[in-house]
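First chain A sits with chain B, and in the next complex the same chain sits with chain C.
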Partner chain A sequence: MAKTASAAAARRRANTELGLMVLGLLVVLVAAALVELSQQPDIPEAVLNYGAGFLALSVVAHIAKRRLAPGSDPLILPIAVLLNGLGLVMVRRLDFTGGEQALEFAPSQTVWSAVAVAAFVLTLWFVRDHTSFDDYRYLIGLGSLLLLLTPLLPVIGREINGARIWLSIGGLSFQPVEAVKLGFVIFFASYLAEKRDVLAVATSRLGPIMLPPLRAFAPLVGIWAMGLAVLGLQNDLGPTLLLFGVFIVMLYIGTGRLAYPVVGVLLAAVGAVFAYQSFGHVQNRVSIWLDVWSRYDGDGFQLAQSLFAIGTGGIAGVGLGQGQPGFIPFVRTDFIFSAFGEEAGLLGTTGILLCFVLLIGRGFRIAMRARDEMGALLAVGLTTILALQVFVIVGGATRLIPLTGITLPFVSYGGSSLLSNYVLVALLARVSAPGVPRHTRRRREDDFEDAEDERTAQPSAAGGSS
Partner chain B sequence: MMPPIVFTLLQGLFLLLLYIFVARAVRAVIRDVSTAPASNPAPSAPRRASRPAQPAGKPARKGRDDSGPKQERPKRIAPRELVVHSPDGRPRVLPLDGNEITFGRGEQVSVALGDPYTSDRHARVYNDGRRWLVADLGSTNGTFVNQVKVTAPTPIAAGDQLGIGRTVVEVRK
Partner chain C sequence: MSPQIRKVALGLFVLFGVLFLNLNFIAVVQSDDLRTDERNARGLIAEYEIARGAMVAGDGGDSRLVAASEETDGQLRYRRQYPEGATYAHVTGYHSFVYGRGELEATFNDFLTGSAPEAFARNIADLLAGRQRDGDTLQLTIDPATQHAAVDALEGSTGAVVAIAPDTGEVLALASSPSYDPGRLASHDGDEVRQAWNELGERDPDPRLNRAVRETYPPGSTYKLITAAAALESGVTPETTYADPQRLELPLTTASIGNFDGGTCNQGQPITLAEAMVVSCNTTFGQIGLDLGVDRLVRQAERFGLNHEWDFQLPSPAVSVMPEDLDEPSTAQSAIGQRDVRVTPLAMSMITAAIANDGEMVTPRVVRHVEDVTGRVLRDFEPEPLEFDGESRAVSSRTATALRDMMEEAVASGTGTGAQIEGVDVAGKTGTAQTAEGQPPTVWFTGFAPAGDPQIAVSVVITDPGPDATGGGVAAPLARDVMRAWLQDG
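So, the complex of A and B:
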């Protein structure tokens, strides 16, 4: 009986997901139609094909999730697909700035979407239980560390726009940090789930803060030093910021010791001062941030154009396809949010941010309801990655904080980013799924059965005697 | 070229649909929260109960609508023992023999719970001379009696369920 009840619940969730998916695709469809019609009287056949392809991809993703992770969270995939679709529409729209009806970046982004959805399905297929990562914990950790350093290798490493964070093999470029961030979170989650007791022991007290023994800070300092080293070698702030931030958050959530974020922030401050003094481009970013207008035609051009674009958009935007977002350098990757600011306005960008808020909120909820600590920490880490990325790049593009080039998850042009974010959502879905019947799960399932009875007992007891 | 009004309408439709999507998603979240077992901050306390205090009745699913006027239990039977159901591990039976019992994750409690959702000093069960009461000790996640959060010392009776983090404490006669 409980089996059919949970199957019914899973079906209900899947149908919720389907409904949201249809609605999200409708949003993308209208956006795409607007972009195409604003540029040309007829929609080229190639565009229709790519659109149909994207539609097929979302159907595949939905069916795969229904089959492979029944009962998993119904919101995360539709939101991912919507953001992916909107990003695709904007990348296509920006292709028009390159020349006559050019299809320049949109086809490759569609292909990457297909690869990403394939990775989503494969992740759900292979990872039937997130605790199976425990067996490969150190392999994953070490592999991620090595992968992080691969761009420094002579032949396959590439330096693009001053940052040595690229790997180029046979014409395909890839940012290893996108895979590394997932690997690190899996490693941290598995490591912390086991070691959190040791790290949480407090031996001394500093005012209101209980201090763990000094050697418990070793991993924190280690990651910090590694982050700074990577920053120095690769000349890019993004990975350092992301990995160190995620590590502090996971350490805090895992142990509940305020000392870790406090020490972490102090270390970050020291690191920031050090980075500011030793790296010219960091100084440059900060001074642009502080005063963009005196140099709007110099090195502040990009940020100034971004602010002009957002300002031009106003409340409802100038209309998709009808603005001039092409003026912003790197608008496809780092500044795609500003393009939406111009063409979809405050309402459009707020809508996009709300989608991120929902996605991140669901991620934390998945963490709270995870069956085990590894799952909870994994979900927290993955969600924090998303949150940090959105905050850093949207904050950078709107001049809230100094600019750090990071992709806006799902929306920005970029294959490796899209791929890793779909895998991230697949892992979140896996943690949120009620679980596969394995020997260790048997007992828990029985508990669920009781929970069904238990939940229904309360109301009827109250109502029965009335 | 199309008349500009078409673009304006399409832009409006785009934004409207975007917000309908957000609204629908929020609605799905609310529905999920109100029907989920973990509708109170003691996340999965009820789902962990391996022996429910009351046998199952027929499903009356809507968590919200049936709260109605709160009915007192017909008879309040004085409690004699507590059964602690940890999320993992065997149930422990604790006799209520006059001494105060404190629950928590720290070391200065009489019953140490290995439950990450509890505070160091979480809750206490004590006798004020006439009856047994449960009180929260300023815990982060709160203490629950029959899934209702405790704000002041609350009398307990046999058949009640105390929620402390993910741990369920069953009150028996």
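So, the complex of A and C:
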């Protein structure tokens, strides 16, 4: 009886998801048509094919999620598909700024969307239970660290636009940091879920400062600090910020001790001052932020053009395909939000921000309803990293904070980013699915403190339905 | 864990709130500043996407395209062209993405970009049909033959010509010299535009100044038309006689007014108003000024539009001035167009046109109508009386007739003989205003033809004639050429 009821509920949720997905795809369809017709009288066949491809991808993602994670959150995938679709439309629109009407970046982004959806499906397929990560905790933590170092390797490491943060294998370029950020979050979640109680009490003393037991603390902080160091040395400010922020947030959630974020903010302040004094490019970013207009003819041009774009767009925007987003250097990646600001106006950018707010809200909801602490921490970590990433890039493009180059999740052009964000949503879906862990054998006494955990320990067929 | 998750969520949503507020600040509060920032080319590019409307002078076979748009393959899509170069520069103005717009390019920008309220319905239809919006065409009142005659007349001089059809107010010619080619300012190369602009700015006199509309000059004896009008309106007749002294002694001062050649005007015999006008007798008009008093002179001047701001189709015409609150010596000197009286060539031609038009002021206009690319008229500018203080009549019909007779005689046998056209009765008045010791005078001629059935009223001013030049010697023949061009052409 209970099983049929939950199956019916899962079906209802999946149908809700399908409905939302259709709605989102309609929005994407209208936007795509507007873009094409603003540039030419007829829509080229190639574009129709890519559009149909994207439609098929969405359906595949939905069916896979329905099958592999029944009863999972029905909002997150439609939002991801909508943002992905809008990003694709804007990337296509930006292809027109080259003067030629040739397809340049849009096909590649469509292919990446396919790869990302495949990764989404594979993640749901292989990760039937998020607690299964516990087995590979250190492998994932250390592996992430090593992966972060791979761009420094000869042959496969690549330097693009002044930053050596790329891997290039067989013509495909990939930013390992995109995978690494997920790896770190998984590692933190798994480690904290187990050691949270130990970390919540201060037992060791360092001079006048009380610290948690070093033995429990060391692996966590060690991997985190090395990650930060590598990113810092690679001049990759954006991911450094994300990694720092998400760690502090997860420590706080895991231990419930406000001391962690307080110390974290202090550390961040010290780190910021240090970075400002030791790295020329950090000083540069801050100077541009403080006085973009007097630097217009130099390094302030990009940010100034971004502000011009959003200001020119005003409330309603100049219309898709009607503006000059091509004036902004790196508009496809770091500044795609400003392109929406110009052509879709405040209404359009508010819509995009609301999509993210909704996605992030669902993420936290999933965390609060997670059946175990590992799930809660994982959901919080993934959601936080997404939220911080949106804040850092949108805040940077709108001169709220100094600019740190990073992609706008799902929207910006870039395969690694799209892929990792689809995997992120797959993991959120997995945590939200009311499945039962396969790995009950691994559970130890100290994992069964919460009533929530006990609930999940009841046997059910749902987890093995595939 | 849940309380902490809530706090973190709340914290992140606060960050998003700040993001949203900041976005509103940029897209709403700062929007206008950012959009119009001169470094932001977006507005310009959108504007240059539209084929800016043409300007056409004259109709039928003699029409000339004086402003057009040409498609380029640059980022700014359409480039402004001025096929007639400098000839129409002070009518069309310029259209530059560095220096903005001048003259009709400025005042009719909405029509030229196809965005005037009159075109709203059409634009909606275009939008729905996916048609590209075109700018609308200005049909000018300028007559090419007359304009070319005016430009030729000014060749090599500093000055201006304005010719008006007295009954309709249509401006037949409007020229200012020196002139410039606005095409260079319409270049899409910013450096080229700046260089052209700076070259113009370094030239003296500045070719960019529209002397016909935006510069005032001492009117000299042409101003006697207004003084005579005031007198006639006060009961004086053309036959009223005045004494003919060698010099008119002015009250309150040792100063006096003398005549042009230092002698009397009628061998010391009493002289009529009509005779005084024909020979441009300073002492007589000085006396009339003293007789009438400053208030009546000012009132008459204001009836002709002096001391008033008014709307013209070209931007901000300069206000012509007859000072108030003058003492008696200044009143007498103002009555003969000296002291601080200042008139634009445009205003002078309007005054003359009013005299030719039975005393009625008519609104001058440069654009007859605006039509779209299919020829449909969007806005028609009908002949319209020009009212100052609610009254378009500057002088009575009788006064206008009396003035016309005097002016006709001045050209037939007086100072204005240089304006005579064979077979046509021309009416007119000369003016020679001394500006400063050792400087050439500012010379004028204002008149109309044919005297009995006025078709064209024209004013000519030259500010750099030879040292001993007079309005009759220099300006009258130039005015004749312009009038002849129109009368032959029409």
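The rule is short, and it goes like this: the second predicted complex is superposed on the first by the 407 of 466 C-alpha atoms of A that agree within 3 Å, B and C clash if a C-alpha of one lies under 4 Å from a C-alpha of the other, contacts with A are read in each partner's own complex, and residues count from 1 in each chain.
By our rule, a contact is a pair of C-beta atoms (placed from the backbone, for glycine too) under 8 Å apart; a residue touches a chain by one contact, two chains touch by 3 or more.
All values reported here derive from a predicted model rather than from experimental measurement.
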Contacts of A:Q322 with chain B and chain C, given as first, second, both or neither: both
Which of chain B and chain C A:E373 touches, first, second, both or neither: both
Partner chain in contact with A:G341 - chain B first, chain C second, else both or neither: second
Chain B versus chain C as contact partner of A:L34, first or second or both or neither: first
Chain B versus chain C as contact partner of A:G361, first or second or both or neither: both
Touched partner set for A:L400, first chain B, second chain C, both or neither: second
Touched partner set for A:T349, first chain B, second chain C, both or neither: second
Touching partner for A:G19 - first (chain B), second (chain C), both, neither: first
On chain A, positions contacted by chain B and by chain C: 37, 41, 256, 322, 345, 361, 368, 373
Footprint of chain A on chain B - complex, ascending: 1-2, 6-8, 10-15, 17-22, 24-26, 28-29, 31-32, 36-38, 43-44, 46-61, 63, 66-71, 74, 116, 146-147
Chain C-facing residues of chain A, complex: 37, 41, 249, 252-254, 256, 296, 304, 307-315, 318, 322-324, 327, 341-342, 345-346, 349-350, 353, 356-357, 360-361, 364, 367-368, 373, 376-377, 380, 384, 387-388, 390-391, 394-395, 398-400
Chain A - residues contacting chain B, complex: 16, 19-20, 23-24, 26-27, 30-31, 33-34, 37-38, 41, 74-75, 78-79, 82, 256, 316-317, 319-322, 344-345, 347-348, 351-352, 354-355, 358, 361-362, 368-369, 373, 446-448, 450-466
Chain A-facing residues of chain C, complex: 1-6, 8-9, 12-13, 15-16, 18-20, 22-24, 26-28, 30-35, 37, 39-43, 45-46, 130
